[in-house]
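Per-chain residue numbering starts at 1, and chain names A, B, C and D are given in the order in which the chains are listed.
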Amino acid sequence: MSANPTDRSFLRMALGHPAFVTGFVLSAFFVILALVSFAWTPFDPTKLDIASKLKTPSLDHWFGKDHFGRDMFSMIMVGARVSIAVAFVAVGVGMLLGVPLGLYAAAHRGSLIDEFIMRGNDLVFAFPSLLLAIMITAVFGPGAVNAIIAIGIFNIPVFARLARGAALSLWTRDYILAARVAGKGRARISAEHILPNIANLLIVQGTIQFSLAILAEAALAYVGLGAQPPLPSWGRMLADAQTLISLAPHMALFPGFAIIITVLGLNLMGDGLRDLFDPKLRRGRG
Amino acid sequence: MTAYLLRRFLSLSLSLVAASLVIFLVMEVVPGDPASFMMGINADPAAVVALRTQLGLDDPLPLRYLSWVAGLLQGDFGVSYTYRVPVSELISERVAISLPLTLYALALSTLIAFPAGILAAAKRNSAADVSVMGATQLGVAIPNFWFAMILVLVFAINLRWFSAGGFPGWEAGFWPAIKALTLPAIALALPQASILARVMRSSLIDTLDEDFMRTARAKGLSRGQALRRHALRNALIPVLTIIGLQFSFLLAGGIIIENVFYLPGLGRLVFQAITQRDLIVVRSVVILLVFAVIVVTFLVDLAYAAADPRLRRRRA
Amino acid sequence: MNGLSISNLRVDIHGKTVLHDIDLELEPGKILGVVGESGSGKSMTALSVMQLLPRGSQWTGRLEVAGNDLATMDEPALCQMRGRDVGMIFQEPMTALNPVRTIGDQVAETVMVHTAAGRREALAIARTMLDRVGLPEDRFPLDRFPHDLSGGQRQRVVIAQAIALRPKILIADEPTTALDVTTQAQILDLLRELVHEQDMGLMLITHDLAVVAGLADRIAIMKDGAVVEAGPTRKIFEGMQHPYTRALLEASAHAPERRRRAEPQQVPVLSVSDVVRDYQQPRRNLFVRPPPFRAVDHVGFEIFHGENVGLVGESGCGKSTLARAILALDPLQGGEIKLNGHVFSSAGDGPHPELRARMQVVFQDPYGSFNPRHRVKRLVTEPFHLMKDRPQGIDLERRIDRALTEVGLSSADADKYIHEFSGGQRQRIAIARALIIEPALIVLDEAVSALDVSIRAQVLDLLADLSDRLDLSYLFISHDLSVVRAITDRVLVMKDGRIVEEGDTETVFHNPQHPYTQTLVAATPSLEAALAESAG
Amino acid sequence: AKMDATIGMQLEPPNLDPTGGAAAAIDEVVYANVFEGLTRFGADGSILPALAESWEISDDGLTYTFNLREGVKFHDGSDFNADDVKFSLDRARADDSTNAQKALFADIASVDVVDPATVKVTLSKPNGSFLFNTAWGDAVIVAPETAADNAAKPVGTGPFSFGEWVKGDRVDLVRNPDYWGEAVRLDKVTFKFISDPTAAFAAMMAGDLDAFPVFPAPENLVQFEADPRFSVIIGSTEGETILAMNNKKAPLDNIKVRQAITHAIDRQAIIDGAMFGYGTPIGTHFAPHNPAYVDLTAQSAYDPEQAKALLAEAGVSDLTLTLKLPPPSYARRGGEIIAAQLREVGIATEITNVEWAQWLEDVFKAKNFDLTIVSHTEPMDIGIYGREDYYFQYGDADFKAIMADLANATDPAKRTELMQAAQKKIADDYVNGYLFQLARTGVADAKLKGLWPNSPTQANDMTGVYWEE
């Protein structure tokens, strides 16, 4: 865990790691697509043209058209925006709430609050996640924001647990004792010494959760509980494509590939980061 | 160890109580009235009121919670609003599909994952490792409902090797039933197998790096012997955790797959019950699933103890 | 020849040469000591003989075991050789055994891999072997698991499985480094007996000259992947041909020069009276809470201004626990600790910052003592947190500078990260961190145990020098008697949480009163004694 | 020949008692198959005698005397007679009745048993559609002994008796050997519930199903048409699909705004886009196949310019409306298209997809919506426009008067005239946007004959179904 992502040799090593580079390029591709979509899409993704529905891919419409005659490529671009935004915020929520909880629990190991936090985590873990997400969206209604809440809730215990476990092992380190001898309190030690040293782990887990969140968003959208039309969403595009799969396979294939490639990219990147951060694999450095 | 297990069991039971409260309250705030749903769009308001009374929906909240819990404790899950049959009957019919499906998928995923993970770990960084890991990356990335759609397209619609879904019932015989569960099980197993293979690999690699593996080699065991006799059992512990998690995930997580293959399983029962506001079914099934998760977690703890003698003494 | 012969061995790992021009010979019934500092290539030499070099290694030269040329043997033949012709013992007994299999199984496995013996027969052999290494049937049945055993007992199991088939050669890579001195003495005795009894050749690897001095027939000194000097033990010590050998010897016996003696005063810097520390034990059963484990049991002593006090005792006797209590990191279950006459306790928010600033600490592990993400500058100034008006700007620079130069580093080091330093340098930085706030007392918990002898000597010199110049008091905790002896005025001997003997360092070591102190002193390998013997 | 048939249905009935639930799926399984009423719907929507062989209506239109069929037995072996009729009708109109269509029986003053084969029903006021009402599934005749258990184990007088219900999967019906009427030609009928349209498609393609009378995905019909194994049966339903507007909520309380919305809608695009071409455009709330239907589509023809002008006239700009869409694909897809069309004339929409339960709560009960899309599948349901607090909140006094006249009218010509007046009235008031009449899009094995092409009521009448050699 001694890797320091800011230094030069880290960058050099990262560039020499094929999985990381592939993952990074793939995920970056979709992030860029999403960003570009704010400024430009080849066609208006909300513009219907029923007469040309289900058109197969062509030079004009690279990914063909959907059942309303909308340009699939443009929809996938805007859909990337939704997927990425939902996943990003959901994971962010999970981290923002989960990490402090985990750090707090670790700092007060064995206390009632620790016990309470951990049991709360058990509870969330014990719930069938997709079901609870469905219930949450049933309570609050479908929509991107509620999808975020539903996915975010399950990220809280993931990060709380991870942060607690990693923090506990750091609390026994001598440099933490040294900080205590220097009179620092638990909160300050958590912020100053623990958090930066578990950041790598959190980043790695973050990318993995990010990819899981994209899959979860797709699943929710697929059952109709994600972002609402006219905002395109990959999961809903798949749901729309479902009955047409034998008639217009392109409608199912492209959004499917978009999901697979993004998730694959994120996972490869996460794995790559894990390797890069792992001191066991780093030679010639402290 | 027994003390540890007992404590764990107690705290898990507490979770169960908390879960029952959460689930009850969530279902209470879900908008939508089961009675109006059942009576439909042109229903007479008086008829709806009559039905509400008949279903006991107008009783005070705490009373309904307590009577539900009291019922649960006696194994009485109540009567479904929509189906008007005992929930336990509904559940047992559905479990007869979901449970075998889960076990089938789990067996498939284990059968694929173990050899793949072991191969990849034993031949670390070889072409075999790289391709197994590449395949698992892909397996994790494919949304299972999409995969299911493709399976149906290829194997049911085009090749017609399997029926597109449905379940003939166990009374139709073992093989027809298994055949009906095969495509769904494959769709469910693919991502799970990928995850499991990855865990198996990394856990095994960690174990292979342990000092005692070097000791074993120094005794004259070949690489393969050392792996079989010393690494596998030690590597199994994290794998067990994942299998436990997967079991619970699959039991409830089959909703979408059950929909694609129109299997009358537990997941679809709750999903449908949610849309029909059959609160009593939703509550009972969810609490049952939570219970299953808890039992499985507990069993995994026991399995740990079996796999690792250190735990029989110490607390984990 | 029936033993081991290494000639011209060269090993490269990922293109980096880690061993070159190694020539070693070992005959049956003899002991070859291989000595060298960390990273000198001792383990790689041993692993070459076992043909268990890490991935990416390549070797050239000639390796012969019991007359077989290893270069000509394929993997199955090598498997046949390992365990039957050569046995090996590793350093870390805690992890060298498979935790999920019984000790009987693991010893019997050696037999079953190499002979046609059935399980029952193999277990019988395992039984004899365990008896032989001092693990008798009644206390150590075959079905015990490694986690039930202490480090020394585990090391015996490892030895039993290594010698189960009476190999011609036994390689022991730092077999006692992780063990207490008394246990170390027992294991070394056992090894010596086995060599003579079974006519084995033993290659004993260690970084401690004293360990091999009284044991080995021949010694090879290694440095930077090469053997710098080799020969019969006596000749090595007499000749001291190579400057490195000499340096090593001197460092091992090093005692820093002390100029000043402490004078007792009215108010001791530290006064510990009747301190008790308990650890809660995990429940065995839901309803009965086991009594707490008493790690420190009514301990009392004082440290005066400028005085260096040593605390010795075996692993687990409670030294670190006491240190943590003194530092007010953990609550006490009894007694009182006073610093400069003021109560020093962890209750509430802990001691007042000004008081806390009077006592600092240096820990054992030079790698775990620093947050890897901070620069040295920030690391050493951490105690300034305790000051009301913290030094700023130029003043701050000056103090960092002074602290670093004080410990023999340069001001340029302030901007580096901790991974850019060696173990010894890190320990210096730890001392700088303790010094920067100008405390009256520094607690050093095994502060030099993880360092190589030559670096240890430097750090000890530094500590002695600082104590003289800055009027510091030390509480110096170590399990290594020779180190304590070199630097302290007074010593406390601890056993099972109690102080069993206390007195002037020289007096205690020359004339130990308590039986425990006596065993401790006797078990400590002594270079002096070995040299005296070889000279005589 | 094959003696059984497996019929696909999208929704599973929540229970099997047509007198105790509103779900269309109940009737789709049991109507005419398990249960029968005094009268029944024919395949063309005409009213035919069923358990009543014949009837006399008094001149004042207040007394109906039904002559019951004799020798009829319930599936449990008990005899059917006038007492059962009295029991059934009284039960349906009782105060604590949970009959979803209680209004059907509202006009009944009393039911009297004349003799075991004769029942006299007295109305409190003349009701021109009483015989139509008794044909509904909610008015079937049940036996007092078994009525309470019909939800799980229905017992009726029909040609099929209940076999087994594997919940979540299927209901089996088996031939009733003691049936009073013409013997049916199938031994067993299985209704299989497949809610997912893709799964339905796959199941048909894979041969798991013999027919899917209301196939949920019109987009797949092209493929069935191209395949000689299947025949595609297109018919009409009673489902008027409308864009319902909240008539009391500003600015939709302004007729100009409502009119603007109707002009903004391109019906054909919706039919093509959402229903893949299946459906008949309508201009009012009335089934086009009904002889009394008037084609008023021109009155709300697609004309975005006029829509914009009307909005300007009404003085609304920057209009944002909520559009709540229930699950069926006509609503979800149609909603997306309508949203796009409204956007063209400057009306923004906020789409929310809701489940039925939520729709009922939010839209139907709480009237918390601006726009919604729903298909009204009950036959002859224009009367809902007379209901004051019905969800779209119309309840115009003139319209109510027309309805009152209609209720009293028995003369067919007069009735037609009144019905047409009612159609015109709601079209003139632009109460809702009238989109299209839902088509009945069925698929069946090419050899399976005798299925109803149309849906005069929600039913899968299996009486005349057989396999062609």
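Throughout what follows, contacts are C-beta pairs under 8 Å (C-beta built on N, C-alpha and C of every residue); 3 or more make two chains touch, one makes a residue touch a chain.
Just so it is clear, the structure is predicted and the values come from calculations on it, not from any experiment.
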| item | value |
| --- | --- |
| Comparison of A-B and A-D by number of C-beta pairs in contact, larger one | A-B |
| Geometric centre distance via CA averages, chain B-chain A, whole Å | 23 |
| Where chain A and chain C are represented by their mean Cα positions, the distance between them in whole Å | 46 |
| Centre-to-centre distance between chain D and chain B (centres being mean Cα positions), rounded to whole Å | 40 |
| Numbers and ranges of chain B residues touching at least 2 other chains | 31-32, 149, 153, 157, 259, 274 |
| Per-residue overlap in chain D, given as positions that touch at least 2 other chains | 196, 198, 201, 205, 327, 355, 358 |
| Chains grouped in pairs wherever the two touch, ordered by label | A-B, A-C, A-D, B-C, B-D |
| Footprint of chain A on chain B - complex, ascending | 11-12, 14-15, 18-19, 22, 26-27, 29-32, 137-138, 140-143, 145-146, 149-150, 153, 157, 248-249, 251-253, 255-256, 259, 267, 270-271, 274, 282, 286, 289-290, 293-294, 297 |
| Residues of chain A defined as touching chain D within the complex | 46-48, 50-51, 53, 67-69, 138, 141-143, 224, 228-230, 242-247 |
| Footprint of chain C on chain B - complex, ascending | 2-4, 6-7, 210-212, 214-222, 225, 229-230, 233-234, 307-310, 313-315 |
| Touching residues (chain side chain B, partner chain D) in the complex | 31-34, 36-44, 46-47, 50-51, 54, 82-85, 90, 93-94, 149, 152-153, 156-157, 160, 162-167, 169, 259-262, 264-265, 268-269, 272, 274-277 |
| Of all residues in chain C, those that touch chain B in their complex | 50, 52, 75-76, 79-84, 87-88, 90, 92, 95-101, 109-110, 113-114, 145, 147-148, 158, 161-162, 282-286 |
